[in-house]
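Okay, so chain A shows up in both of these, paired with chain B first and chain C after.
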Partner chain A sequence: MKNIYQLLTCLILILSLSNFTVQAEDWGVPSSAKKKHNPYDANVKNISSGKKIFNINCKTCHGDPGKGNMIHLVPISPTDIGSQDFLVQTDGEIYYKINKGNGAMPTFEKTLNDEHKWMVITYLRSFDKSNRRSEKLAEVKNPEVTDVKLDLEIQDSSKYILAHLTGMTKKGKRVGLHGIEMSFLVKRNFGYLDISREDAYTDDNGKVETVFPYDLPGDREGHVDLLVKLTDDAFYGNLEKSQIVSLGVPTIPVNPLDERAMWGTRANAPIWIMVSYIGGVFVIWGVIFFVLFQMIKIPRLAQNKE
Partner chain B sequence: MNDLPKQEETTLSFEKIKKDILHPLQNHKGLELWIVFLVTVIAVCGWAYIVQLRDGLGVTGMRDYVSWGLYIANFVFFVAVSLVGMLISSILGLLRIDWITPISRISEMIAVAFVAVSGLVIIMDMGRPDRVANVIIHGRFQSPILWDITVVTTYLMISLLLLILPMIPDLAICKNELKKASPIMKKIYNVLSLGYINTPSQHKHLHRMIKTLMVLIVPVGLAIHTVTSWLFAATLRNGWDTTIFGPYFVAGAFVAGAAALVMAMYFFRINYKLQDYITDVQFDYMGKLMVAVCLVYLYFNLNEFLVPGYKMKTGDDVHLKELFTGHWAVLFWCSQLLGNVIPIILLLMKKFRKPLPLMLISIFVLASAWIKRYVIVIPTLLHPHLPIQNVPENFVHYFPTGIEIAVTVLSFALALLIITVLAKIFPVVPICEIAEQRGIEVKIED
Partner chain C sequence: MKEDSSKNGRRKFLKNLGVTVGAAGVVSSFSLLGAAKAAAKEPAEMVNLLTQDGQLVQVDKNQLRPTVTAPLNELQKRGREGIPGKSFVMVIDLSKCRNARKCMAACQNHHQLRPDQHHINVLQMQDAEYTAPYFMPKPCQHCDNPPCTKVCPVDATFKRQDGIVLIDNERCIGCRFCIAACPYSARIFQWTEPKDAEKYKDLTYNIEANVPQKKGTVSKCLFSADRLRVNKLPSCVSSCPNGVYYFGDRNEDAVTNGTTHETVRFSKLIEENAGYTLMPELGTKPRVYYLPPKNRAFKFNGDLLNEENLH
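Take a look at the complex of A and B:
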């Protein structure tokens, strides 16, 4: 009898423990969802924008695909989603998981739109070693080049910024590199503001342009720090060019400490509080000193009593 | 007891008053022993302060969250007690209430001692007291701390003047009567009495000055405790962020001050054998006064806790629950019941307004007043708006260390020493005013 109880207890324990792990692992993807296909091409553009979305939404937990530098969580750490173990799943399965979430993995059903989700999947597929098709598509069709250069052309009057990406071919000819995404960034107080146009990919001549916003404040002279860089460092490394341009709206900076306020320095105290304090001190201490002065009279009054 | 003495006895009676009141100044052995005791306590606790100076505020229990601990609670208490000078000798004095005459000087002595030490308590709370002048040099007009330093100094000055000026006639008597006094004391009596010989013009002049100061101290007295409350109320913290903190503190101060005064009255009545001057009448009225100020304070407490307790908005809820039923409940309810509700009920009965029962009740009221300040200062600091996380264990709780307790004892010993020394060199009951009140002619020889 006793043995049976022990056995039962053991069974319950094992079951409950295994149940726990199963719960965390079991996504329960319906077979209909698995059949869903990625409607987007695995081209450079899509992979690149997928990478951008991935870096913003997924990287903090999952780390870089294929590098295994994910965050460590209990009971289960996030998967390295660039690993082959993960990528054996169909696009539909990954799509379902992004949508629904499970345990610590949040749902992205409402956070990302369909296009963005598929872009992320496209990006992940570029790590799939068994998927030759995507690799071929993902290739950049630019000739092999050395000495890649990024040149900027700025028109102050129209606030037009043109970036020109070129490279030297083996034959010694400088050619434009096309289909590369470029980021146009302007330095603000706490980081960079992206002013790139949508689809900021270089054209066949290796050129991409953007228009500097007309209402963006600069310093007194309208200077701003402009930084133009390749969005994805996978092609030509971390190529960037920074330049001070006078495209901003000239703005005289306002320091909140310059105005009279409760939070200001002593010199910038509100007038009413200075008047109250100094006035109060003068009145009260004036009376005190008056009384002290009056005390001198007492001995004198004793002398002329009669 | 208020039977007017017959005309032929008047000179004798004035002599008797002088003798009764001046006698303990020179013939009180116990008082010297008491001073020795206080000096010893100050020496021992002064060492604790030196340790704090040497090693810094790390020797206290104060950390990042509770950065105002025992010292600031004690400071608020000292400021509160000092307000009794304004209540008794100014407000009641200006209303021409005559039973306060024998106790007005004691109340001024308490005021001077406690407000002087309250300033020292602030300096004791500083890790770098050598930088105290920076408050004046770099002080901002917007900061309640500058205001606080200003009002504490001003109140001390006016209280000192209100102690000395009404005492000038008595000092003239001391100069003539206390033949055994040391040469230094004789010099002090001589200088401070300002050649007063009670001519009508001197009398009129002196009383005009006193009247001016009595009016002046009312706004300053209100300011000192209102500004002290602003040190708290000007911050956005649960339990402090309230509009009634000023009057709430003033009302609480009257309670604490009245209790301290009753205890001092009882002490001097017994030790200085002043039963004929500090009579049951004074105790009876003080008991009634205490009921009145306690009722005002109770009313403010009701507003202070019932209104936020009804709404229980986020932040306040944690704070109030901790006070009402949580970690601070025992201290909180002790201070409310023993220091406020029960004294009100007891003091409604005449037999509890007799000297001894009233003095015993006052001990509870004063202790509760001290605890109340502690409960106002520390729990709020332990409930910040941002969650406390990833901090060492000793940041999360606060309990004063031995050093802090010793330095606090030092402040009490200092205040008591100041009162004792004042009562040792100056008459604690105004001789001339008592005589004038009883229709006895005051004679001061030239």
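Take a look at the complex of A and C:
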């Protein structure tokens, strides 16, 4: 009898577990979708923009590719999408899954455009060990340099911000480093606002510029905290430069408590309400006292008559 | 004779009580300093008190003054003033909500609420018979024209300069006028002893988190004002796994997503997604903005308490 119970529990357990795996595997990717190919090149630019999109949209659940630091969910945690187990799939399969979503995985059909989805796939493929396409990586050719420096030039009138990335060659000459992506960030209360233009890569002289948004508020004097840094630290490490610039729109914060309002506490109530309230109290008590005095007078009147 | 002894007994009891209360008072709320400073006008009843270093001293009972516990006042003062120069707003993207309820759990944890008490609540909405249902998290809207503060007879609930509406539960008399006045049903009443009341009873009251909660007072969402002070996003915002919440400063025109930590322009986000506020016709001017549930990240799966959603 006991054996039968054990057997039953085992059976139920196995069944329920297999049910979960079915749930996890049940993407039903049609074979036509599997055949789709990534139309974009696996070059450095695409990989790095794929990484950006990945970090914003996918990283919170899946973690960093290949690191296994995804969040843990019950019954199934998200896959490490940098692992070989995942990357055996065709581009088309991954594309389909991003589009459709399943269970806790959202659909990105409408939230990401096609280009962005393929960029993410390009980025993921760069982790694929069996993939030839990722070998094209060494594409940016800059001379070997030391003492890499990042300089900023700000033009207050036109709101231009120019970043200049240079390094010292072995011959002791300072040269611009080209093809490096730069992020222009403005500090806000809870994070950094990205104001870089599209494809903010340094040109042959190592320069890249961006225009500060004409309507972005700064503090009272228009000061904002600007941070310029290399988007990808794979090339020259984590190089960044921050500076306070006065490119923002001077903004004087409005204090809602400066005005008297109906919703204000006692001290902040509108004058008319205080006057009419206090007036009302005086009038009512006045009437009451008046009546009382009249009533006191009645017996006196009676006495006088007598 | 009998009467006499009972009188004595009462006096004795009162005397004992005085000493006990007094002794406890040294540690907690009576100041010896005040007693020492003031000159005794007429000798009155003396009480024995234990000082902090363990000495027994006699003090004139009339000279005992309650001390003001400084941290409490400081917290309440800065809590009433708010953070200068800020104007906090929240944006809730309904297209991403799948009723995971992590925001509710984080909130209840932060503000010492029981699972059935909500500062923020995820509701299942359907606007009309043939419209599509969706999930909608609903915190206090931190109205710029709040009906709730207008009705409070004791100035217990108030708006501060950064736009947040708070409650001082040391002042609140529990009349519940504000609950009736709030059109968004954002407020709850502590009918019974709050959760873990015993555990937190010695905690200094923090007005910016409204903890410890107090029986017979009102509580509601505070935009985690205590976390904002240290530049942290509200509990609900940072606990959402699906990127539903944006939070930020309207003066800076930037809001930050609690899940992805991406910072975007507030005005653009609202403009591009046709953001709206709840019941604008009431003129309450909410500070919580909603983005319509279009292009949803998840299929709506019906039941509010669907187990599948809750992980």
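Just so it is clear, the second predicted complex is superposed on the first by the 234 of 306 C-alpha atoms of A that agree within 3 Å, B and C clash if a C-alpha of one lies under 4 Å from a C-alpha of the other, contacts with A are read in each partner's own complex, and residues count from 1 in each chain.
Following the convention adopted for this analysis, a contact is a pair of C-beta atoms (placed from the backbone, for glycine too) under 8 Å apart; a residue touches a chain by one contact, two chains touch by 3 or more.
As the structure is a computational prediction, the values presented were derived from the model and not from experiment.
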{"item": "Which of chain B and chain C A:103 touches, first, second, both or neither", "value": "second"}
{"item": "Of chain B and chain C, the chain that contacts the larger number of chain A residues", "value": "C"}
{"item": "Which superposed partner A:299 touches (first chain B, second chain C, both, neither)", "value": "first"}
{"item": "Touched partner set for A:265, first chain B, second chain C, both or neither", "value": "both"}
{"item": "Partner chain(s) touched by A:57 [first = chain B, second = chain C, both, neither]", "value": "second"}
{"item": "Chain B versus chain C as contact partner of A:162, first or second or both or neither", "value": "neither"}
{"item": "First, second, both or neither for A:251, with chain B first and chain C second", "value": "second"}
{"item": "Residues of chain A contacting chain B in one complex and chain C in the other", "value": "262-266"}
{"item": "Of all residues in chain B, those that touch chain A in their complex", "value": "138-142, 146-147, 150, 154, 157-158, 161, 165, 168, 194-197, 199, 201-202, 205-206, 209, 212-213, 216, 219-220, 223, 446"}
{"item": "Residues on chain A engaged by chain C in the complex (per definition of touch)", "value": "55-57, 59-61, 71, 73-75, 101, 103-104, 106-111, 188-194, 213, 215-217, 219, 251, 253-257, 261-266"}
{"item": "Residues on chain C engaged by chain A in the complex (per definition of touch)", "value": "84-87, 95-96, 98, 143-147, 149-150, 152, 155, 158-161, 163, 231, 233, 241-243, 247-249, 251-256, 259-265, 295-299, 308, 311"}
{"item": "Chain B partner contacts - residues on chain A that touch it in the complex", "value": "262-266, 269-270, 273-274, 277-278, 280-281, 284-285, 287-288, 290-292, 294-295, 297-299, 301-302, 305"}
